[in-house]
Amino acid sequence: MAEILIKNVAKTFGAYQALQDINLTIADQEFMVLLGASGCGKSTLLRIIAGLETATSGEVWIGGRRIDHLSPKDRGIAMVFQNYAVFPHLTVFENIGFGLRMQKLPNDEVTRRVERVATLMHIEQLLKRYSGELSGGQRQRVAVARALAMEPDVILMDEPLSNLDALLRMEMRAELKGVLAESKTTAIYVTHDQVEAMSMADRISVMHQGKIVQAASPIEVYRNPSAEFVASFIGNPPMNFLPANAAGDGKWQVAGQTIDGPRTNNAALKFAIRPEDMSLADQGLVATAKVVEPLGAHVLVTCEIDGTIFRVILDSETTVQPGQKLTLAPHSDRVRWFDPDTTFAVA
Amino acid sequence: DVLFWSTQAKPVEEAQAMREQVLSGFGDAVDYQPNDGGPWLTRLNAELQAGSGSIGLLGGLHGDFSAMNPDDLVDLGDLGVTSASDTFNNLAKLGTDSLQYIPWMQASYIMAASKKALEYLPDGADIDALSYDQLIEWSANVHEATGEPKFGFPAGPKGLKHRFFQGYLYPSYTNGVVRTFASDEAVVAWEKFRELWEHTNPASTNFSFMQEQLISGEAWIVFDHTSRLAQAFNDMPDDFVAFPAPAGPTGRGFMPVLAGVAIPRTAPDMDAAKALVAYMLKPETQIETLRATNFFPVVDVDLPDDLPASVQAAGAAVAKMSGSADANPGLLPAGLGDKGGDFNRVFVDAFERIVLARQDIRAVLDDQKGQLAAIMEETGAPCWAPDAPSDGACPVE
Amino acid sequence: MTDAASVDLPRDTRKSGKFLYVSAVVLLCAWVIVPIYFLMINTLSSPETVTSFPKPLFPEFDLGSLKFFAGFAGMLAALKNSVLVAAMTMVMSILVGAPAGYALSRFEFRGKGLFRLLILLTRAFPLPLLALPLAVMFIRTGLDDTAFGLALVHTTLAIPFAVLITFSLFSGIPIELEEAAWTLGCTRLTAFTKVVLPLILPGITASAIFAFVISWNEVFAAAVLTIENRTLTAFLLQNLDTSPLHLKFAGGFILVVPALIFIFAVRKYLFAMWGIANR
Amino acid sequence: MNARILPYVLILPVTIFLCVFFLYPFVLVAQQAFGTGSGFSLENFREVVSYWKFPISLKNTLLLAAAVVPIQLALALLMATMVNRMQKGRDLVLYIWTIPLGISDLAAGLIWLAIFEQSGFLNTMMSGLGIVDRPVNLLSYQHPGVVFLAIALAEIWRATAIMLVILVAGIGLIPKEYYEAAEVFGASPWKRFLRITLPMLRPSLQTALVLRVILAFEIFAVVAALGGTLFPVLMGETYAYQFDLLNNGAAAAMALIILAISIAFTLVILRILRVPKGATI
Amino acid sequence: MAEILIKNVAKTFGAYQALQDINLTIADQEFMVLLGASGCGKSTLLRIIAGLETATSGEVWIGGRRIDHLSPKDRGIAMVFQNYAVFPHLTVFENIGFGLRMQKLPNDEVTRRVERVATLMHIEQLLKRYSGELSGGQRQRVAVARALAMEPDVILMDEPLSNLDALLRMEMRAELKGVLAESKTTAIYVTHDQVEAMSMADRISVMHQGKIVQAASPIEVYRNPSAEFVASFIGNPPMNFLPANAAGDGKWQVAGQTIDGPRTNNAALKFAIRPEDMSLADQGLVATAKVVEPLGAHVLVTCEIDGTIFRVILDSETTVQPGQKLTLAPHSDRVRWFDPDTTFAVA
C-alpha cells in the first residue's frame, strides 16, 4: 500500500513562492503524470515528496504514514533525477546496483536485478563503462535503471525519457509501464511529452505557477479541460480560442457566426476548439491560411481569424496554400466554453 | 635507567660519544638526551609543574641553572663530590647556601687562526700575546692581502657573541662589565670593535660555529668557544693554530664556561641520579668527557697524552691565556636568576645597534644602560669580577 | 587568405606554445630538484668536500656521513615511532577533520564563523608556547611519552589543514549526487562514505600528505613530549643545527627520504580521477 | 538525523579536540600575556611593542609575506593548471613539484644556506662560469637586498608546494564541461583561467591562501638560517622572549600580536574570495 | 559564408568506434537536423565540429577554411550543450553575456543583446539568479540564450529544447527559426522530437551507429526513407513492416493478400506502411487489435498480423475494442518496399 497524500504543501525559496497549497492524492499503484510549464514547480514537488527539500508548510503521507520528517532513505522511494545524478566514480553496473548494495542484497541477486533492468533499458552492453563515457541518453537510461532496480513502493521520475529518441522512448514507455504495473509501484512521472502523458498516465495533474489546476484522467484533461490554462497547455498544437458574445438564449456570436452554447448570464465567453476538431465545410468559421506545415500524416495550417491565431490540423491529402480562405466547421460536441474572468470552464 | 637531560654535547657526534664512551661505563643504563634550550626547559618545567617526571639528571650551563627556582633542584651538598675550584663551587650555589648543581666540566673562549694567516702577523707581534690593536692590524693585513675580510666572529643566531663582550672586550678595556658598561672606556672599546668589524667577514651574522668557517676558509682568524672550534683542529690538525684572546688597556680579559649537572626534585630515581653525578665527576669519566665534548675537567686529573688535537690546542691556548702576565680573568655572571637572557640581550643589542646599524656609540650605551641598570636592580645581583665588588645590586655607573 | 596559411599559422603558434609549456615544466622541475640535488651531493660527500670550495657539482659517493647515522643507536626505533605517530596523525586528522569540513560546506549553522575562527587560531598560534601546559597535562594524564599522545598534538596541528581542504573540495561536489544516494537508501553517513569521499579523494590525499608531513617534521612537541619513544625528527633534527656540516646534510637527507617516499606513494590520488559532470 | 543538529554533531570531534589540545593550553598561555598574576594589564604588550626591534621585525615579516605569498600563489596556480592539462607523466611532475613539502623548514634553511654561503654552490657555479672571479659574500649585512632575496627564494621554494597540492586537488574537481563551454564561447586559455578556473576554485584558493598567509607570519627557521641576526622576524622575537629571556608573558603577547595580524589578513582573504550564496555547483 | 563540410570524419574512443566515415555538407544558412538513436554519435559529431573533440581522422571545413586545427574559440561557433554547462558561478545575465564579454563588446551592447535573447527565451525575469536557483527547463533556456547571444556564423544545438513543455517548445522553435534566419546562421540541431525535426529542418540527417544513413528534406525522409532503419526510426509510431514474397509480375504476397509492388528479382521483400496510411475498409490486411491508446484526436491501435506487431492510427471517432478484427486497406501510394538483405529501399 503506497498511497501518496499531499496536504496543503507550500514551498518558498527566499521570496519566491515555488509551490502554493498543493493538495493531491495518488492512489496506490496509480501512475500519475505531472504536466506543467517549465519552472512551474514539478521538480520541486517531487523533491519534497522524496524528502530532498523541506516543504515550507503542509504534510506528505505515504501509505498512511506521515513522512515529512523521515529522511529520504526511509521513505521507500526511488527517484530519477532530471539531471540524472549518475555517480561518476562508479561504473554503470555499480551505479545501477548502488541502491541494492545499500540494502545489502546478496551479490547474485544484485547482479540478477542489475542485468534485468539494464536489458530493459538497452544498456546491458555498457555495464562496465563510467558515466563520463556515456552519451546523454545512455546516462539518462542508467538513471532510470538505477531507480527501477530498487523495486521501490513509490517511484518518482523527473523527465526520465527526455533525451531518448522517439523509437526508444516508445519502447521504454511500454516497458516502464509494464515493469511498474508488475511490481505494483506507485509512480509520479514528470514529462513534457504529451503523447507520453496521454498514453502512460492513469491520471494527469496539470500544474500552473506552483498550483495544481486539474487532476483527472488523460482523456478528461484533453477533452474537458477545467480551465483555460489546461486547455491551452494540453494538446499540441494547443486549443484555439475565440471571443464569444452572448446572443441570448444559449446562442453565441463567434467570429461572425452564431453558435449554440451554454445558457449563462455572462455577456462574454471564450469559444474553444481543438485544431483537429474541425473539418473543411461549406459553412463555418472563415479563416485565412498563413503557414502550412507538413507533419507527416497531417498538415498543420496556421490561420488567422479576426487577427487571432487559429490552428487547424487537416489530413495531409488536402492541399492548402498560404493566403487561401478556409471555411472550418467545428465538431459541435468538441466545442468548449470558458469564462474569461475566472478562466474556468463553463458547463 | 636514568634520563640525562642535557643542553650540552648536542652535536650528534658529541652526543654519540657521550653515550658510547662516557656513559657506557656507568653501571646502570643512561639515556642521554641532548636538547635545544627551548625543549629542555619546557620539558623540565612541565615535570616540575606536574610534580612527577622522568628526568633523572640535568646537564646544563651555569646560566641554565641560575634561571631556575632553587627549590626545584635537589641539594647536592651531601654528595661529597665537588670540583677542584672553589670559585666554581661557589658559583654552583647560585646565591643559596646549598649546592644547587655540581660543576661538571669547563671550557673557555679562545682564538684560532689558519696558518695561512700567520704570515700577515704585524711585525713584532707575538701570537700568544696579542693586543687588540695588533689583532685589528693583523686582520687588516689579511684583508688587504686577500681582498676579503677574513676575521670571523660568531654573530649568528646561535653564536655566543655576547660572551665576547662580557668576558673579553669589556674587561680588557674597562676592567669591568656592569659598572663600566657606559663608561668612556667602553666607548673606546666599541670603537675598536668597529675597527675590527671592518675586517670581519660580513657573513658573520650567519656564523654560529666558527669551526665551519675556519675549515671552509671563509674566515682565517676567529674567536669562539673551544668546543665550537674542535672540529677544525681534529679534522685538519696541521692547518690551524689556537692562541689566547688579545689584551686591551686593562689586561687580557677572559672568561670561563662552566657546565654543571643537577637533579630536579621530580627525579624518579634519586639514588641512581646521585650515583650518576658521582660517576660524572670521576677523573676517568672527566677525561672521557673531555674527549667527547672538548670540555675540560673540573676535578684534578692527569691528562693523558693521546688527547685529540683540538683538546691539545685549546688546552694550550687556555693555559697561555690564564698564565699570561696581563691576565684579567672574569667570572660568569652570577645572581641574575632568570634575567640572564635579558642581560645578554643588553650586549647583543648594543652590538647590533652600534656595529650593524652604526648608531652613535655614546647614545646607544646611554640608552642600553637603563635596561642594564633595571636588570641589576631587579635581581639585586652583586658585582662579579672583574667589576669591583658592590654592596647589594651591582650599580651601572 | 589561403587555406594553407590559415591552417599553418595556428599550428605554429600551437607548436611554440607547446615548446613554451614543456620548457616551463622542465624549468620548474629543475627549480625544485636542483636544491635537493645539492643536498644529495653534500650528503654523499666526505666531510672535507662538504666544507671545501669550489663545491663539486657531482656527488663523490662517500657514504661516511650516512654510515655514521646507520650506526647511530636508536635510529630504527625512532624511525618506527615517527612512522607510527605520522600514521596515527594522518588517520585521526582525517577521521576528525573531514566530517567538520563536510559540515562547513553543506550546512548553514549558528556558530559557523566562530568554528572557522577556532580552526584558524589553532594554526596561527605557535605550538612551542603551548608545549608547557600540554606537557603538564600529558604527564598528569599518562599520555606523556606515548606515540599516541604525540599523535594527538600533531593531529591538532594537522586538523586545520584537513578541515579546510576537505571543506573547499566538498563545495565542488554537486549535492545532487548525494541526494541521489539518499534516495537510493543511503543514510547521510553512507552517502558520505560511498559517494562523496571517493570523489574528494584528492582532498583526502592532500590532507593526508599534510598530516604526514606536519607530523614527520615536527620537532618541538616531539622533543618535549617523548622521551623513550622519540621520533626520528626529535632524535635527529633538533640537534642538527649544532652538528658538523656534513652530518647536518646527511641528517637532513635522511629525514627527507621517508616523507618523499610517502608522497610518492600517494601522489596519484591527488588527481580527480573521474570527471565530475553535472549531468 | 535532524539537519539542525547534524552539523554540530559533525564538528563536535574537532571542537573537542581543539578545546582540549589547543584552546585549554591557549587560554592558559594567553592569560600570561595580560598581566603578571594579579589583575589585567597590557604591560607585556607595551614591553614587546616598544622594544626597538619590534618595528623592524614587524616590517620584515610583513614585507616577506607580501613578497612571497603572491608569488607563491601565482606559481602554484601556474603549476596546478599545468599539471592539470598534462597528459603524460603528470604524476611524476606533480611529485617532483611537491617534494619540498616533505622537507622541514630547518632542512630547507640548511639546503639554501649551502647554496648561498660564500663557499656555497651558487658561488661555485658563478665562479665556474666566470661571472665572478672569486666567491662573493652574498649573505652579509652589506647586501640586505640579497639576504632578503635569498630568504624569499628559499621560502618560495619550500612552501609553494603547500598551495600547489591544495590547488591541484581543487582544480581537478572543476567539471570539464565548463571549460568546454567557455572555449566554445571564445575564451582564450588565459580567459578560461580567469573566468572559470579562478572563480570555480575560490574555495580552494581561500584555503590555500589562508593557510599560507598564516604560515608566512610564523616564518622563522628559514630566516634564521639565511638571514642570521640580520633579518629579525616576529616569530624569532617570540621565541627569544620565551626561551632566551624566559619571559613567558612577553612571548605570549608577541604570539597574540602575530595571531591578531594573521586573523586580520585571513578575514580579508575570506571576504575577497567569498562565494556568493547560490553560486555553488 | 558558413558552409560546413565534413569529410571522412571518424572517431574512436579506445576500441569503440563512435563515428565512421562521416561525410556531410551543410549549406550556408541551412538548418540541418541530426536525428538518430541514443548513443549513435550525434553529440560526438557536434563536439568534433566545435573542436572539443579531435577526430581520429577526417577533415572539417567551415566557410571554405579547414578548421581541424583551430581551437574552438576561433571557429566562429556557438554551441548549446546537451548538459547545458551553464556556469554555476555566474548569474543568468553573466552566463548569457559570457561570450559577448569575451569578444570585448561594449557594456551597453552586451546588455542589449542579453536582454533581447533573454526575452526571446522567456527568462528575462531570471537574469539575476544563479544556475542553482533555476529549474531544469530554465537552465536549458539559459544555455540556448547564451549561444544565441553570440550571433555566430554557425550554431550547434544539442537537444536544446528537450526539457521544455510542449507549448513553450513550440514557441521556442518558431523563435529560434526566426532568429537564426534573420542572422543568417548555419545551424546543426540535434533533437529527438520528430515534430521538431520535421517542422524546423531544411534537411534532416539520420544517423545510425556512427554513420549517416540519409540526409534529405524532412518530407523526403518521411515519405521515402532510404533504408529500413530510417523508415522505422522516423515517424512515431514507426512504420510497420511485413514480410512479402514474390508472387511474380510485380505482385507480392503480404499476410495473405496480394499487393502490387516493384518488379525485382528478389524472392522476398519487406512491405512497409506508416500507421496513418491505412483506413478501415472491407478488403485488406486483417489484423487483430491488441491495445487501444487514445492520443487525443486519434487512437493508436496496436494490432497483430501473423504474430507481427502492426500499428495503425485511426480517427478517435472510431471505437475499437481489444480483440476485435480489423480489415485495413493500405493507401497504395504510401506503400514502401525494402530489400531484407541490404535493408535499403527498393524503387
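All chains are identified by letter, namely A, B, C, D and E, in their written order; residue positions are counted from 1 within each chain.
Throughout what follows, a residue touches a chain if its C-beta (ideal position, glycine included) is under 8 Å from a C-beta of that chain, and two chains touch if they have at least 3 such contacts.
Which protein is which chain? UniProt says A, E = ABC transporter ATP-binding protein; C = Carbohydrate ABC transporter permease; D = Sugar ABC transporter permease.
Values in this document were obtained by computation on a predicted structure and should not be read as measured data.
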Worksheet item: Which neighbours do chain B and chain D have in common?
Response: C
Worksheet, complete the sentence: Chain-touch separation of chain A and chain D, in steps, is 2
Worksheet item: Is the number of contacting C-beta pairs greater for C-D or for D-E?
Response: C-D
Worksheet item: Centre to centre, by mean C-alpha position, how many angstrom separate chain A and chain C?
Response: 54
Fill in: chain B and chain C, separation of their C-alpha mean positions in angstrom
40
Worksheet item: Roughly how many whole angstrom separate the Cα centroids of chain A and chain B?
Response: 92
Discussion item. Quick check on chain C: which residues sit in contact with 2+ other chains?
Written reply: 51-53, 128, 132, 174, 188, 199, 219, 240-241, 275-279
Item to complete: For chain D, jot down the residues that touch at least 2 other chains.
Response: 1, 118-119, 177, 200, 239, 242-243, 275, 280-281
Practice prompt. At least two other chains touched by the same residue of chain B: list those residues.
Written response: 36, 38, 216-217
Item to complete: Spell out the part of chain D that touches chain C in their complex, as residue ranges.
Response: 1, 3-4, 6-8, 10-11, 13-15, 17-18, 21-26, 28-29, 75, 78-79, 82, 86, 90-91, 93-107, 110-112, 114-115, 118-121, 123-125, 127-128, 135, 157, 162, 165-166, 168-170, 172-177, 200, 203-204, 206-207, 210-211, 214-215, 217-218, 235, 238-239, 242-243, 248, 251-252, 255, 258-259, 262-263, 266, 275, 280-281
Worksheet item: Can you list the residues on chain E that touch chain D in the complex?
Response: 50-52, 71-73, 77-79, 81, 83, 85, 87-90, 98-99, 102-103, 129-130, 132-133, 146, 150
Discussion item. Please output the residues of chain E touching chain A within their complex, sorted ascending.
Written reply: 13, 35-39, 42-44, 82-83, 133-138, 141, 158-159, 162-170, 192-195, 198-199, 218-219, 222, 232-233, 235-238, 274, 276-277, 293-298, 300, 313
Item to complete: Could you pull out which chain C residues touch chain B in their complex?
Response: 47-48, 51-53, 68-69, 72-73, 128, 131-132, 135-136, 138-140, 144-145, 219-220, 223-224, 227-228, 230, 236, 238-245, 247, 251
Worksheet entry | Complex contacts: residues of chain D adjacent to chain E | 177-178, 180-188, 191, 195-196, 199-200, 202, 275-276, 278-281
